[in-house]
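The letters A, B and C name the chains in turn, as written, and every chain counts its residues from 1.
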Amino acid sequence: MTRERPDKKGGARLPRRKSGPALFLLGAGALLLGLMFAHAGLQRRADMPLLESPAGMVGRLELTDLCLFTEARYTRHPSQADLHSAFQDHPVALEHFPAGSMGRTPSGLRRLHAALD
Amino acid sequence: MIRLQNVRKGFNLGKSNEFVAVSDVTMAMEEKRVTVLKGPSGSGKTTLLSLIGCMARPTSGRITLENGLVRNGALAAVGGAADVEVTSLPERFLTEIRRQTFGFIFQQFNLVKGISVLENVMLPSYPTGEKHAVVRGRAMALLEMFGLAERASARVEWLSGGEAQRVAIARALMNDPPVLIADEPTAHLDSKLSREFLEILSRLKDQGKTAIIASHDPLVFEAGDVDRVIAVRDGRIEDEAA
Amino acid sequence: MPRWIEKTRSILDFTVASLLRRKGKNFSLLVVYTLVVFLLGSVLFLTQAMKREASLILKNAPEMVVQRLLAGRYEPIPAVYAATIREIRGVMSAGPRLWGYYYDPAAGANYTLLVPREDAPSGEKIVVGRGVSGSRRIFQGDIVSFRGSDGADRNFTVADELSHESELVSSDLILMSEAGFRDLFGFPAGLATDIVVSVRNPKELLTIARKVVERLPDTRPILREEMVRTYDSVFDWRGGIVIVLVLMALLAFVILAWEKASGLSADEKREIGVLKAVGWETADVTAVKACEGIVVSFLSFSAGLLAAYAHVFFFSARLFAPAMKGWSVLYPDFRITPFIDPYQVAVLFFLTVVPYTVATIVPSWRAAIIDPDSVMRS
């Protein structure tokens, strides 16, 4: 039996080794994940001075909360709200509790709320 | 020499469907010869082949591979002796022996679908950890030898019966084993392709391979290159013809 | 190259080849898996970053705010309470704070009106946050009118706008003078919204809070630590709910993967038989399954996580914005600082990659029970 290498003309058309692209993808994934951490680190350092601005305003104006959810007073100032105020402020504003995530407000009620103001 | 001593193989022992496929076989097969096990289906010749090829263990009896048929790493593991009694070896060594000593050609060819001809031929070498380029070179040389170099990247489903047969033979030769084991190799081939197979067999015999073939095809056991025909029936050796 | 590396690579060759055999199926698996990681990753990144950002920004918040409770709800507090609090040992200062909410029907938005205790705008002048000026289209020099508690309109002049950088805390703010505030709301003199307290030694904060409640039993002190913790819990449960839902999806997915991997088809059984017959060990067959699990799950994990990172930190978690905003009319425009916690990424890794890989490997012990001679018998 022969054990010598194949001639070149046969070699050219051969299917490529399939683990190559797989290893490349795995490596690229790992590399990008690494870059992700590096980017996060750099971005964090760059953002720190930017955070000084809101942090300074919090100190100056004696603010207690982030202005994230402005829909109701207990969401605008969750730390200042009454305990369990979700049930007090608005008849259908339940989303402070898990059940609120499941159902949406009937549209009629929302209009009623606007008309009352 | 491959020596079988009082080899017996039973299935489902102790159950109602118990049957004995091979009972009390004692024989020896010489190297560099073509031996054919002849017999009707269900005679136990396939079971004999798998016992010889270390794919299964006999229920009782001993099988010995003599004169350095067991090579390389597997040999070192069993103490470096020239004769190896394989029946008592752990599974791991049997796998190693199967890989190094035997090349199998199955009745259905049993090529792995969905991957290329080249990959199929290379399969037996994957677990050896040899360099890819070397393995691939050897596989290509084999395909070249069987006139299949053009089909190297084809999927095995696209092959004709004759081509599939030759790929199966190439795969069996991949690790350069001294012994070839073929189970009904011509069952799915027409006469022309069967003769082609016998030609290849003759070439391999000239290269010094030992072949053990189970067949009930007269074309095979009457062929000129066959040195020995052993008739098997009901799990026993019936008679022997030169 | 060492043999085991070459061997692993060869096994990987075979793995990829066999994955490619069922391209459509495996690709859709990859997409679904990536999506699950993306959702979980986005939630984790967003909540973690917001928690960290909140704690950094609120580090200067008042050490203690004292509210008055009446029938369980908080009510304006008499300004004289501040004097009582100041008498407590260790209190450095205590002063009344005036703030409240104004619903603006014209913009349909809620504003927070606040009287700064230092440098408050004088007279009819106001300073507005970016959200207010954006929604009402009022800018420096414009005059805006608010309807007071008596039904009469009062005009205010926009003297300035708050900086864009501080939008996260000031978007809906309107700063005004004490006189303007009391007049607009009819807020009685002698009452304040709450009282801001600062102490000499932060370690005594809890003791002082206890003394405040002792002396003024109708009050409720809120500590800075609690404010920060509020944000932890807000994001924890908002994130938690989503995570629970997504985890259920993940669980279903793992069951699916298990189902797929554990039921060996006749073809697969034959294939394993062939591999074993040509000299593969059981461990080699298991390695193929392991490679399959690792390739699929690691690719999905990295793709999903990277997409989540881009989504949250480059696109400000736009997909979650509807849920975050709720009914809010004003929503601050801000880019989230990428506080990512390697520990959380590790948790995510173990939540996603490990179950899938295990689900694909464990059933492959079945490969062990397939005898190599099964291919001869078939």
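FYI, a residue touches a chain if its C-beta (ideal position, glycine included) is under 8 Å from a C-beta of that chain, and two chains touch if they have at least 3 such contacts.
All values derive from a computational prediction rather than experimental measurement.
Farthest from subunit B, judged by the mean position of CA atoms in each chain, is C. Comparing each chain's Cα centroid with the centroid of every protein Cα atom identifies chain A as the most central. Per-pair counts of C-beta contacts peak for the chains A-C. Chain geometry summary: the mean Cα position of subunit A and that of subunit C are 7 Å apart. Note on chain placement: the centre of subunit A and the centre of subunit B lie 60 Å apart, centres being C-alpha means. Put simply, the C-alpha centre of subunit B and that of subunit C have 64 angstrom between them. Across the assembly, subunit C contributes residues 9-10, 13, 17, 20 that each touch 2 or more other chains.
Counting partner chains per residue, subunit A shows two or more touched chains at residues 17. Of all residues in subunit B, those that touch two or more other chains are 116, 119, 132. Residue ranges of subunit C in contact with subunit A, taken from their complex: 9-10, 12-13, 15-17, 20, 53-54, 56-62, 65, 67, 72-74, 97, 101, 103, 105, 108-110, 112, 114, 116-119, 129, 131, 162-163, 165-173, 175, 194, 196, 222, 226-227, 230-231, 234, 237, 241, 295, 298-299, 301-303, 305-306, 309, 313, 324-332, 337-340, 342.
Only residues 17-19, 21-23, 25-26, 29-30, 32-33, 36-37, 39-40, 43-44, 47, 50-51, 53-73, 75-80, 82, 85, 88, 95, 98, 101, 114, 117 of subunit A touch subunit C when the two sit together in their complex. Every residue of subunit B that touches subunit C in the complex is listed here, in rising order: 46-47, 49-50, 55-56, 91-92, 95-96, 98-100, 104, 106-108, 110-116, 119, 122-132, 135, 171, 174-175, 183. Interface residues of subunit C, counted against subunit B in their complex, comprise 1-7, 9-11, 13-14, 17-18, 20-21, 267, 270-271, 273-282, 284, 371-373, 375-378.
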